[in-house]
């Protein structure tokens, strides 16, 4: 049986099955912070970062749960462990690099229990990825999330200065742009096959 | 004489005199030969598709303006361009009801929601086509061959499909050169491609006429020549390198250039200035991205053609290009950092 | 500008409006008759208004000082004609506002001898004496800005003027004033250069002339005596070549820093007509009373280059040259930067370089304004490399702060190239003028608050 | 909440219900404070599993169930849970009910579980549930919390159904798997694709916006 | 979502109370989960087994009974009883007379939208693929998902030739996908117009998987016999 190449895992998670545009994960932060380029970039960085952490956590927890044969604890332990690890890391960053903390810090509490993060953990477990594969998957998902966020932010900044009809303004416009972007990302389908 | 009330206006008091509606009208003139060849090659079906899409775009624009209590903007001719280009990217015997839906989507979703002319962040015609392609993928990849003997006498039954119904397949269908290459490794002769002796979308067959239209617009300074040059150049160079690496696997760069929608896309659709960057350097980058994406999607992607997706993706990137690429302002040591 | 850039003798971007100079560039300068009443506003220059030193009913001689400079950044005003001060009251000005001024009734058949003052001797005068002489002569920039020339010529401490550039470009369509001055007043120009060089300490002088005035260039070249550190540089025809920033770039490939002045790159730029005036007036200690003005445009019957007394009412000028039935707009200055006047009772001032009259045919009936289609024509035209498209959109949405902070609004010098090329007929320069004044006001408010 | 009763002349059915404070807890979630259309909460499942009416309804009911149970538990324990650990306990409680729901659905039908996928588990992080626990249940009596959960849960289900029905109708020509049109109906595949989710939700929001604007004008 | 602050601003006053609360809730939750898990366990296991069985029945016509085998290190097969999820499992199907009627093998590969997982049946007697079933795919509904429904496409797999070469080391003619209507040989997979990519993926997945498994299974075909 052919293994998926790491390259394909990355492309798949970032472009073909983009977490935001194809899986609808992380829509809340997506709608919330995609208005400004600067926050979008930072949020993207923070999400990628947390995804990597949660991917590592999930890998470890899953191995443990298989060992003690307690699959029913999966969801609870994922969410608890991921949330607390992110908090530990947050405190660690706060100590080690105040600049990095200032850049990403305010976003971390917002996303620890976000569905994109938990979704990543669940998907990688479902797909049965190994450690390296999980990491690449997390990296791809984070990159894809950031890409989608940053693209939308640029478009929204431009649309701040457009004569958008009143009824369309706001969330509806963002969703429409996201829809068109989602269609455009369909061009990547089948890449790597 | 000296007792007349004088007008006052602000300087400058003279202008170059080419106004937006003139530009748009000229784009229509430049597209007409392409459309005419399409009708010649595909017959009455193509004519109906083109007419339907233009009517649908213009009507939609008119009624949307009316609905939002604005003055109708159809006099600026841009809706006609959108309609023509949408029609030209559709298969010749595409059902008319779908064509009409495409026109409505182009104008409503591609243009109106963003605030109309000048504000759309994506190319409206391609938004329409992208939605059609995702909605009706089978109908939009059902091609009829060019130069059928009865093309002027009979209307295909799929063209006249009853609204909301599935078109029937007439039994006559041709594979496009790109699909033939991708799935069967059959390359089509480049000269046949250039002259349009192939099947494909209504407007993508005769590259020479498309180029002529482009040259006319460039000569009249109504189009940014850098865009087609960079798109086609990048696509040519990139596919040329691949071809040199392995000419068994990769098609020749000429085949790449003249097949599919690349020519029409590069000359008439990537050049829609509204959704492309504004600075010369930005435009080179934009064109380069389109060229690269087209080749990547065509060669490594699942779909045989990627011009539409490449242009839409580049449209999405262009605000960033404009944000990053800012010419150094006269008398400053560096341009302000992009915010 | 693309990949290949062979620009040598000129700046990048800019536009090529039709020149329209044929009809007047061959016509010699002619003296204009005196108007029965001359109206002299006290605000003819940038800086403090001149202070009136005469009273109503007083008889004055041509060349006599009527108003003295009010501070350093100000100049005196001289009587352009012998006559009687009829009234001292507010007079209309081009801005539409009423400003303090003098009504001077000319003596009907006066000889119009010109009064002489203290001559400034080129050989013995110190630079400061020359500057004082220039101020006393009432000279301001005749290139259009009307900034007191002596202020500009004063090289600030710690700076140094290497090169003097004489601006004979006249890139505005229709205008031929400087062209005729260069052909007919070469001696005055060369004399003026000597004064200027001495005043600024410049080692070298370059006269910049556009390629459509090669006759003037050749004439000046012939007139320059060997060994003089003066040269003539012919540069390509392009608007706004005449702007000092562009001219400095074209000739010397230097860039005036944003927010700075030519002296920051060791250069001073003076218009040819200003130079000629200095060369003519200083040796006699006279004051400026008249200037060369091109009166042209499709609405004018007797087009030409006229020597017109300052203060001549516009109505009188137009009556003398005759205008067509269907005139529509009258501009003080050229069609690119000139101001449309609404009131013919305003008068010719020192800064007036031309009068252009358009008929209904040239003035399009309110061209339809479309939204910006991001065609980039304005970006390709702006000689300062701004992004007028973005600035225009921001102005429309009143994002003035972003215009100034992110998009260099304050560097726009209102040349109008962007509006000229815009196919959507967006009044870009007008937007920018307004935005700049709002930004300035806001800045003032914040500094005041501090 | 009763400040809405100032709406005098139009005492329709809904208005008369609003007069009654406890019915208001229920009604508000259905329409006025609809979690999806008005508060824009919990968008992910709304978009992801609304490609058929059946999935949408199942997901909506599952969410409503978790919401109801966690509201009950949170509100009954509200005096027992210290402030500092309340969010952690809420998450624990919610996660428990989600796990339970997950197993129950698996026990009912493997196929349904397959088509809802990981989104059942993702109910844990649904903003809606946590925000109701925090904003309502922790401060109100069990009775009110139940009404609130029912209203919000049904409002959520209703919104999901609105999306799912439209998407299935266009995308598949059917409703709950029953074909509604003739055999030749052309499906609009885009509607079942992710982009269709974005578009459909946007259009519902447009409709809500337009209705609101209309109301403001009159 | 401000549990960060709340957790860190712990006041010393109530730390025992907090502990009590958390432990209490934890125990309660654990209890509920375990109860549900135990209560639904057999039902879920049954459901899953039924689903798998159904799939295997679909790909091995005529089977009534199955056994699971695992590939071991020395390239032969062991019977196993407990169902662990592993890539090295194959299922043997038998008819009423305990006669081997086919093997069911899982395979996966990259499709148009994501990974496609399939199950196919192989009959060592006839050396043919005898059945095919899609376990999981995200292909476009109405288009790519024709690989699950299209009659013409599915008929490819009633007798797809995978005969081995003489020395049993490899398949004589590897399976290849061709475009719709172009099938000429018994080892070709006829594609679907409009879903060329998905249908080709199936061909490729089969081709790859069969070249791995078919020689192995064929060589060991005797080890699947039920000893009477």
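We call the chains A, B, C, D and E, going by the order they appear; numbering starts again at 1 in every chain.
Convention: contacts are C-beta pairs under 8 Å (C-beta built on N, C-alpha and C of every residue); 3 or more make two chains touch, one makes a residue touch a chain.
These figures come from a predicted structure and were not determined experimentally.
Colleague: Taking the mean of all protein CA atoms as the centre, name the chain whose own CA mean is closest to it.
Modeller: B
Colleague: From the C-alpha centres, identify the chain that is farthest from subunit C.
Modeller: E
Colleague: With contacts counted as C-beta pairs, which pair of chains has the highest total?
Modeller: B-C
Colleague: From the mean C-alpha coordinate of subunit C to that of subunit D, what's the distance rounded to whole Å?
Modeller: One centre to the other, that is 71 Å.
Colleague: Measuring centre to centre with CA averages, how many angstrom lie between subunit A and subunit B?
Modeller: Chain centroid spacing, subunit A to subunit B, equals 34 Å.
Colleague: Quick one: subunit D and subunit E, Cα centre-to-centre, how many Å?
Modeller: 35
Colleague: Provide the C-alpha centroid distance between subunit A and subunit C, rounded to the nearest whole angstrom.
Modeller: The answer is 61 Å.
Colleague: Spell out, as numbers or ranges, the residues of subunit B touching 2 or more other chains.
Modeller: 109, 115-116, 119, 131, 134, 137, 302-303, 339
Colleague: Subunit D: which residues touch two or more other chains?
Modeller: Answer for subunit D, listing residues that touch two or more other chains: 91-92, 95-96, 99, 103, 130, 189-190, 193, 195-196, 199.
Colleague: Mark out which residues of subunit E touch at least two other chains, giving numbers and ranges.
Modeller: Subunit E, residues with two or more chain partners: 1-3, 7, 29, 33, 36-37, 112, 140, 143, 197.
Colleague: Which pairs of chains touch each other?
Modeller: Pairs of chains that touch one another: A-B, A-C, A-D, A-E, B-C, B-D, B-E, D-E.
Colleague: Quick check on the complex: what are the subunit E residues that touch subunit B?
Modeller: Interface residues on the subunit E side: 112, 140, 143, 179, 194, 196-197, 200.
Colleague: In the complex of these two chains, what residues of subunit B are touching subunit E?
Modeller: Those in contact with subunit E are residues 137-138, 141, 179, 183-184, 302-303.
Colleague: For subunit C, which residues count as touching subunit B in their complex?
Modeller: My answer: residues 1-2, 15, 17-18, 173, 245, 249, 255-260, 315, 318-319, 323-325, 327-331, 333, 335-342, 344, 356, 358, 362-364, 367-368, 370-376, 379-380, 383-387, 389-390, 405-408, 411, 416, 419-425, 427, 429-430, 433.
Colleague: Quick check on the complex: what are the subunit B residues that touch subunit A?
Modeller: Those in contact with subunit A are residues 68, 109, 112-116, 119, 121-122, 127, 130-131, 134, 293, 296-297, 300-303, 306, 308-310, 312-313, 316-317, 319-320, 323, 339.
Colleague: What does subunit A use to touch subunit C in their complex?
Modeller: Residues in contact with subunit C: 160-161, 163.
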